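You will see chain A twice below: alongside chain B first, and alongside chain C after that.
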Partner chain A sequence: MMKGVELSTLGLVAVLAVILMLAVITAVFIGAVSIPFTEVIQILVYKILGVKLGDFASIPPTHIVIVWELYAPRALLGVIVGVALALAGVVMQAMVQNPLADPYILGISSGASLGATFAFLMGAGALGGMVAELGVSFWAFIGALGASFAVFTLSAMGGKMTTTRLILSGTIIASICGAFSNLIVYLAPSDSGIKSLTFWMMGSLSTEGFDGLIIPGIILIVCLLFFFTQMRPLNAMLMGDEVATTLGVDLSTLRKVYMVLTAVLIAVMVSNCGMIGFVGLVIPHIARALVGTNHWKLMPVACLLGGAFLVVADIVARSLTTSEIPIGIITAIVGTPVFAYIMIKKSYGFGSRD
Partner chain B sequence: MSFGKNQIIAIAAVAVIIVAAASIFFIGGGEEPSTYDEGDIVITTNVQDKGEITQVFKEAPERIVAGNNTVLEMLLYFGLGDKIVAAYYDEDEIWDQEPVKSEYKKLIDRLDPKYHSSGLLSQAVITEVQPDLIMGYKSSFGEGKWAVGSTEYWNKMGCNVWSLNTQAGKATVEGMAQDYADFGLVFDIKDKTDSFMSKYNAALDKASNSGIVTGILEYRGAENGFSAYGDKAFIGQELLACGGVNKFASGGTVGLDVFVDSTDMEALVLIAFGSNGSPDEVAELIKSNPNYQYIPAVKNGKILAIGLSETYGGVRALTTIEGMVALLD
Partner chain C sequence: MIETDELCVSIGKKRIVDHSTIHVDEGEFVGLIGPNGSGKSTMLKAIYRTLEPESGTITVNGVMLKDSSLRESALNLAVVSQHNYYNFDFMVEEVVMMGRTPHKKSMEMDNEEDRRIVGESLEKVGMSDFKGRKFSSLSGGEQQRIILARALTQMSPCLVLDEPTNHLDVKYQLDVLDIVKGLGSTVLCALHDLNLAAQYCDRIYILEGGRVRYEGSPSEVITEDVILEIYGVKSSVEVHPKTGLLNVVYYPRHSSGF
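And then the complex of A and B:
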């Protein structure tokens, strides 16, 4: 937030909601294929309300497919993933009281990468049977969750689970998963598989139809509903373990619950979209710079900002060339200077607002 | 709010099971039965998301998307260039033999640059050209996220998908023969594809079956050594068909020390790719290195230097097999 300027949080939320809506609408008609805005409106009205506006018959059928099967679901997926990453980032940073925490510190990213590496290069088909038919998403999900479980278990062994042990355990599991991923790449017979894996590692919101949004959407709604009831404990966590305990917050239990939910949330997102970095790390900081560290304000602002940011980044990613730029590149290129600007222009502490 | 530990474990376990089960349900695989009539051409292919499937051709495709250099060159070689509406992964130098060379020039002059890429084209762009056939790597037909779209999507759009045997797990001479047989049937050019395979088999028949120990190595630069092509690679299968013995039958990385120590390697198929130089340049690099003079293949100049595109089952396989037969003679 700029010096001397107070923003009403409600006003900011309203502005961000409008920006998000505009971003979603824009995402439906901007892409590598140019489709006139009026055609997009006609298609959406027809598909949602069953009403044919104007000269509907003259719309190329491929445009109908592209808008309804590709661009519209993709825009909504961008909202879902952006909100999820930002939400997870806010929760993780409060939980571990570390401004460098992001949704991937629980070993999720490394586990998902290992699962995807296995699926792409060794081939899920190598195992035969029904398992052979399971896609990359399934193996990435299993890898993500498996790594998270390993982190939880490791951090709780030999003592109480603290934030330091959690972060160290995440580092250990990430190293092990990375080593096995590299081993698979080394042994891989398939150069084209390596290419596919590389694109996966850089993230993509590409999707077909609305079916693929159901699971991520449901998981996100469940997590949003839950975490919006946890504002007080999250605020207390930021004040430190001793203060939080004094305020009656059951840190140990709540951390476990938060970690499980966050791990499932991010595992589902990563398995659907690959690795989209930077959003979960930086969006909470940008939101914090706007409204401070009170989670009552921080969480809705961060969620809206995350959704809007990712949708806009995806518009850029698929509009610049006919072969899409991986979205992880765009989020880093766009977000880093913004983050640096905020850090330079506004001084703020992680635990307080000046 | 407070939870007992057992409750937490139960909640987490139920959540995982539900999500995982739902994911399996939605992702799912397995081929749906195809319906076809008498006179239809049915081919079997292997794709990333569905495994082995059949694709039915009621008539020869007229709007083809070529998804790599091998497929592109096949289409151009057999006079199907005018049916190409888009091309992606066109990342290697096009074959400099006719008719491929001149047909490629015609294609480049005709094709809108928006539909031609050395990388991947987006699913939306390919949808726009309304293809009725996409031929690409097995991994091209995945879940739509890091490929050009799922098999289900393209079939729903009235477009068949096809990954050649030699690019989808059946990298054998028999697999290649099946590819050309299918190609001939699908495009109704059986006489041309049969003629091609006759020339290939005639070249193969001239192999002396000498049992010469041969290395098939891709040069990766002075720091990285070589990458060996084993018996599972198509070119490894070609070597076996010629009666050669693959020194590095299981593939993998070959360090410079192992290469220097290959004093039993009497012939070398040297593959050049990327920034390491052309085949001739890489061959010259190897021949001029005094450290490698203990290797009989290098000392006696029994080196076949080829590009990466020559190692696949495309039309370049004809010149590759001729070169290999001569090398092992």
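And then the complex of A and C:
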């Protein structure tokens, strides 16, 4: 019987991998400028394999730029961010043993917002030059990382780093960051930055060229390699601190390592694409509804689902109107009903009994 | 073997276990009894390493705890604590499989041997048919037997149980203790029920205020005088004619024996 379960999970993983690939291919030729499918294939084959297929010379150079510099990297960024959010969501939910945890729970989002607020609104002010030069991404990254390390330090202070202390510390740091963000907005000399800030917070996968993908890609691969060796401790963590300890899992060390890795991972993603909500919360639950709580199955399924979901959400965000709708809006609009559905569905109780 | 030597454990500023020295020999079933707040659970928590001792030493299977990793400890000692509740739902087989955690390298998949051990453990607790069920769909007694199966899957020579019969009905109380007794492992078990303690333990420690007050065989320590002294309750203790085991009957205030 066990064998059968494993086979069906492998089958599901294969299906999801195919869906992810199809989503990426679709994303590459859908956009504001419609480019014929054959041209897209010709461009991709030329850029990846160096082979000029068919009547390559007749393809307008702008099409090559759009496909290779805009659409392809954007699709890939969608995969990277989607996988990262799903991965971090799964890890975070295990780490704080709470089904409502998401990658942003430990202060990361509030810290990133504070950083971004600082960059957008101070950039126009007296400090202008220096702040603006480093860019929004830099400040969001600093804010995100700073906030998660503040949560980390606070929760470890004066006692063991328990799940409750982690969540409470997250709430405390989020409140402080929120207060300072609001203070900056209140004191801002002009309104011009506020709209850019709002748009930034809603998230976007827009990117130019593949250079911007290098750092997110590397950190994601490092995290994937690491967390795919952590299935047993992650499973044990869900049994609670006491049981995990008696199973020989060194929680206090592992929590620190997990926190540092997810904090860096999510800080990089947020600084690149803003706040894309619901993926890190909903995708792990959908995956759990499909294959159960065991991380051996949950982790690969959640990662593939996350990647595919975000790429599809971006396709929707780009093709609904002539301009681009911020992707955070799409993920929330699609994510919330799905979340509501799995909550209503009786067979999936978020793991709890009632 | 499980030994503590002059063990002290404090929670905050309050000392809960106070210079307690106990030992459990190989294959022995030792009971830990005492009123609420006497330090039973705290002592066990120090032994299974979720609490740090303030002073004194703990040795499990000849290894000093402070010299060994959590993983080594898990290979020497398995734990069944008071009733468990989980925020996330696992299948029964997955819960039991977690007992293999200390035996496996991080990337190692479950193999045939692990599955065989899981199967055997489930059989020992009489829960083989529940393998594919969700843990949360089981009753309290069934869940406790699954937790026991997980502890068995750990294949460790020593077993610590913290009131394993709590919240269970009579049948399951006897079931769980019969299974444990049948293992022949080195067992240290905190119990509330003096009758169960008298019926199952080879030897008993009575704790009060974090100190060991009495130690000995059930018939030596479970006496009318000791029960009156420790619990402030009048009782009669006799060998039951049918079971041949000690039997404690308490006298409530409204009874004629009071």
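Here is the rule we go by: the second predicted complex is superposed on the first by the 330 of 354 C-alpha atoms of A that agree within 3 Å, B and C clash if a C-alpha of one lies under 4 Å from a C-alpha of the other, contacts with A are read in each partner's own complex, and residues count from 1 in each chain.
FYI, contacts are C-beta pairs under 8 Å (C-beta built on N, C-alpha and C of every residue); 3 or more make two chains touch, one makes a residue touch a chain.
Predicted model, so just to flag it, every value in this text is computed and none were measured.
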Margin query: Tell me which partner touches more residues of chain A in the superposed arrangement, chain B or chain C.
Written below: B
Check: Which of the two partners, first being chain B and second being chain C, lies in contact with A:250: first, second, both, or neither?
Finding: both
Check: Regarding the shared-chain residue A:238, is it in contact with chain B (first), chain C (second), both, or neither?
Finding: second
Next item on the list: State whether A:65 touches chain B only (first), chain C only (second), both chains, or neither.
Entry: first
Item checked: Contacts of A:268 with chain B and chain C, given as first, second, both or neither -> first
Check: What is the contact status of A:99 with respect to chain B (first) and chain C (second): first, second, both, or neither?
Finding: second
Next item on the list: Could you tell me which stretches of chain A are touched by chain B in one complex and by chain C in the other?
Entry: 250
Notebook entry, point to check: Inside the complex, what are the residues of chain A that reach chain C?
Noted result: 1-2, 93, 97-99, 228-233, 235-236, 238-243, 245-250, 288, 292-294, 296, 349-353
Check: Which residues of chain B touch chain A in their complex?
Finding: 1-3, 8, 11-12, 15-16, 19-20, 22-24, 26-30, 48-51, 88, 114-115, 117, 119-125, 127-128, 130, 137-139, 142-147, 149-150, 153, 157, 167, 232-233, 251-253
Margin query: Considering only the defined contacts, which chain C positions touch chain A in the complex?
Written below: 45, 48-50, 69-75, 77-79, 81, 84-91, 93-95, 98-99, 101-102, 104, 106-107, 109, 115, 131-132, 136, 154
Note to self: Quick check: in the complex, which residue numbers of chain A touch chain B?
What the structure shows: 31-33, 62, 65-66, 69-71, 120, 125, 130, 132-138, 141-142, 145, 186-187, 189-190, 192-193, 195-196, 199-200, 204, 206-208, 211-212, 214-215, 219, 250, 253-254, 256-257, 260-261, 264, 268, 271-274, 318, 322-324
